[in-house]
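Worksheet: the structure to be examined is printed underneath.
We just call them A, B, C, D, E, F, G and H in the order they show up, numbering each chain from 1.
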Amino acid sequence: MYDWIVYLSGEIHTDWREQIIEGAEEAELSMLFTGPITDHADSDECGEKLLGEEINPFWRDHKAAKINAIRTRKMIEEADLVVVRFGDKYKQWNAAFDAGYASALGKSTIILHAPELTHALKEVDAAAQAVAETPEQVVEILKYITRER
Amino acid sequence: MYDWIVYLSGEIHTDWREQIIEGAEEAELSMLFTGPITDHADSDECGEKLLGEEINPFWRDHKAAKINAIRTRKMIEEADLVVVRFGDKYKQWNAAFDAGYASALGKSTIILHAPELTHALKEVDAAAQAVAETPEQVVEILKYITRER
Amino acid sequence: MYDWIVYLSGEIHTDWREQIIEGAEEAELSMLFTGPITDHADSDECGEKLLGEEINPFWRDHKAAKINAIRTRKMIEEADLVVVRFGDKYKQWNAAFDAGYASALGKSTIILHAPELTHALKEVDAAAQAVAETPEQVVEILKYITRER
Amino acid sequence: MYDWIVYLSGEIHTDWREQIIEGAEEAELSMLFTGPITDHADSDECGEKLLGEEINPFWRDHKAAKINAIRTRKMIEEADLVVVRFGDKYKQWNAAFDAGYASALGKSTIILHAPELTHALKEVDAAAQAVAETPEQVVEILKYITRER
Amino acid sequence: MYDWIVYLSGEIHTDWREQIIEGAEEAELSMLFTGPITDHADSDECGEKLLGEEINPFWRDHKAAKINAIRTRKMIEEADLVVVRFGDKYKQWNAAFDAGYASALGKSTIILHAPELTHALKEVDAAAQAVAETPEQVVEILKYITRER
Amino acid sequence: MYDWIVYLSGEIHTDWREQIIEGAEEAELSMLFTGPITDHADSDECGEKLLGEEINPFWRDHKAAKINAIRTRKMIEEADLVVVRFGDKYKQWNAAFDAGYASALGKSTIILHAPELTHALKEVDAAAQAVAETPEQVVEILKYITRER
Amino acid sequence: MYDWIVYLSGEIHTDWREQIIEGAEEAELSMLFTGPITDHADSDECGEKLLGEEINPFWRDHKAAKINAIRTRKMIEEADLVVVRFGDKYKQWNAAFDAGYASALGKSTIILHAPELTHALKEVDAAAQAVAETPEQVVEILKYITRER
Amino acid sequence: MYDWIVYLSGEIHTDWREQIIEGAEEAELSMLFTGPITDHADSDECGEKLLGEEINPFWRDHKAAKINAIRTRKMIEEADLVVVRFGDKYKQWNAAFDAGYASALGKSTIILHAPELTHALKEVDAAAQAVAETPEQVVEILKYITRER
């Protein structure tokens, strides 16, 4: 048995993480899935809730983002593979930041997005080992790369 | 004399790079500014122009983005400081990717953007040493950090 | 399950370590807490006790500090997170040294101190992911960052 | 000819830096001396001056310290040798932080302080290559280590 | 007990991997053997099967090779020892690539090939810790290096 | 001005190196080209010539290959870009070894080969930033990536 | 529980390793001891026994030393602490080599030798965290550094 | 032009360094030679002369060796190639330490010694790129590896 750690970064409004995790469980892959706190409100408010209120919205965000980074940095650094999902809404700069962060550390990445985003994501895709369109494809890749010889 | 290399990443539709470079020149800073190819069309088409046509738009973008990365990776890796500018248009995922890439390498970053983008950029800002709103502010920081003791 | 190693550096005259460890245990966090030898006399005298007396006080301290560093370096290098506590007495340069050491290794740090020390600790705080005033806040951060998604 | 870069960290209220630099110049050493901004007021206020006022004193210090770190990190990372001076006043936690930072990067350090501080600085001294009491001693070390074979 | 991870790279048309693994099992070595997907057809076709057809044979190969690299890179990076087998057929550039990749990471390598290939493999052999002619020799080396003191 | 170091690895029987170097000179690129000793006989015999004869052909090759590696390793490690040329003859395992070595160090590579070799080189190409068919294409890439913004 | 890996390098003609291991076992330390093959004849002959005879004594030694290095490098790289013992006979250059190797990797070392060797070992001792004269002292250090806080 | 830095470590009682340097100068090699302070008395006494007397001979040596290491570490870390000479007298553990230090940093080494020392130096030689018997051979290697292609 040989373990993999897979970090699931990016979009938090659909159930793509669950699809991948369930697919991996069904296939009985020896794989640990990690990821950021995906509760949007908690993630935004953790700075103030944990360390006190801020009047200035910049510092409110700043405190929250730094606390979240304690978790995300460790998990990305320990991952063997980082899957980054881009959805059709929002700026999602944190997803692209994670992809860049993972690439600079020499991690393999799989980018998951609809074909319409291809041109806008070309630099992110260019640094990846695979570009998928559906969570099922990611599951198939995970099954393939962890196969017995 | 003590040299700095500053990489200017991100938005390519306004003259923010020129403003910073001119400000630094006026102040006679000993500083080398680097950055990506900022001609949008050339940057998009370099894959096909240099290595042959592609039918599939994904690979067309892929070839171009990889050639561009030969330059951008080297320059980010050699930079002492990476300034990343986010404008009000487009996805600009390459800018966030560069910020993540630079952060993982332990580079200092300065993020340059309008206050309206603060919430969307909170993870990127949280990893930065400074967040500025104008090129003039960046120039003032450059002047300050390179002062004689 | 996903394990964290948290190094508790700094002040040794109050029970802040116990408060954090107990708080984490109550919350059933999967976390290993490490730290220096906190018996002040033993820590000071270990050089002479283990390797023979010294006439010169400089070398007495030197031998002790180097033996202690075998432990503290390994533990800081293996930690995912370093919490550094500054109290209101003594110079506590070893605490600031640990914070600098951890930062240069790219570790996340949480600095724990009273608000009165803010100005004196600004460089140390600036390199941290969070600055807390109480052990309870640290426990809450630990609970938050290790939550299920 | 073979160049050295020597970073002078710590106490800013006496002329120890000038003594070392002048001593090195008199001896015609091929050496570049770097260091932080030593104007106390400028160093404290740079955050607000360069990037706008802050109501909260924590963030005022935070912005300043992070900008200063752009300079100090680069310079420590590029130094061959870091000299850290501890005086008899103030907390000087930034000096100890720099010593820890430099040590974790594998830099040689020379710690410069009065014998009275030996016990309080034992962990810092233990990680150093030399501990001196006067700037003249540092100059003599610099002359010795850069001698022709 | 002290574990080793041994990556078996290269030629996939004979049963040399099985011979080494069986030899190690008979000797009850505490060793985990890893390696690439050795089903030739699957390895070639995985790009198209997992992520969709490609008209251009270059991109067909490209997609497959990148997916395979997710596995092989991780496994080589985690290996304590990389055994690379060169057979008498085909170009086997991927085997030489793996040897170079492992060498640059500071991994010990054992190269396994017939004496006729000595001159052609001289650069690869020169970076290795041992050069063997038979799988039995590799097994004997594995037994020797994992012996009790 | 901003310098690049480009290592030219691989095939030594055609004048592809000269074509690239001349093309770069005509374009007045600020570029230093490095490479192995390309005199085949000297490269093979350097071990014996410099350090004494060997009866066993394995050690003859071994001594030569290790001396050559003093040069090639340094040059690859200092290169910004490694161009690896595969011709239509010989095993050329050293070229593939260099490509793997450069990739593991995070260097950008350009692989230069005829389309017929695509399948055999798929793992090498998959780790590259560009795959070219002619020296002219390489020159054009070099001109493009070193352009003013 | 928190594990340590301790590599025992150097002199192989007395039972110092056994003394340390037994002392650690009696104290129930959670510690894994590693070390080279200490059977002198096997260590010298492994090259020829495993990979065939050599006429030239240089290559006989060379083959053996390289096989032994597969084991020793891995074990030193994975050790938290390296204890190096110098006896009163032989050149023991491999012990000093191991100490230098461990130091460059940032490992803590303890050097174990009689006081008569102090001057000859001054460079080796200077890079160590502790210098002991007896195995008992090493055991006491191991007990001290692994104590509960 | 392409520069090399060559560190000359080890034996200080014959003129082997001068022979190599003169040979390189005659051949007009673009090469910087570095090395330790070779004045034996100065090297032994620098600790006391620069930083004050010591009663205990251990600390006298310790202070000296640590000051010398400021120089030798920097120079070894910046070298492209480390030549280590073993003579027929003394323990020369510092030479073996330097060889191990350089090897762990991935430096190429050339070991220079008489054939009688082959067995005692087998671990040191095994980590080297070349083993020479005379300074002339080293000069010839330097000339060869720096030749134009």
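Assume contacts are C-beta pairs under 8 Å (C-beta built on N, C-alpha and C of every residue); 3 or more make two chains touch, one makes a residue touch a chain.
Keep in mind it's a predicted model, so treat the numbers as computed, not measured.
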Quick one: which chains contact chain B and chain F both? E
Can you spot which of B-F, B-E or G-H is a repeat of the A-C interface, where more than half the contact pairs line up? B-F
CA centroids of chain C and chain D: separation to the nearest Å works out as 23
Return the distance between the CA-based centres of chain F and chain G, expressed in whole Å. 40
Inter-centroid spacing, chain G versus chain A (mean Cα positions, whole Å): 43
Between chain B and chain C, tell me the centre distance in angstrom, where each centre is the average of that chain's C-alpha atoms. 37
Among the residues of chain C, pick out those that touch two or more other chains and give their numbers. 66, 68-69, 131
Mind pulling up the chain F residues that touch chain E in the complex? 57-58, 61-62, 64-66, 68-69, 86, 90-105, 115, 117-127, 131
Which part of chain B faces chain E closely enough to touch in the complex? 54-56, 59
Residue ranges of chain G in contact with chain E within the complex: 17, 32, 34-38, 42, 46, 49-51, 63, 66-71, 73-74
In the complex of these two chains, what residues of chain B are touching chain D? 2, 4, 80-81, 108, 110, 129-132, 137, 140-141, 144-147, 149
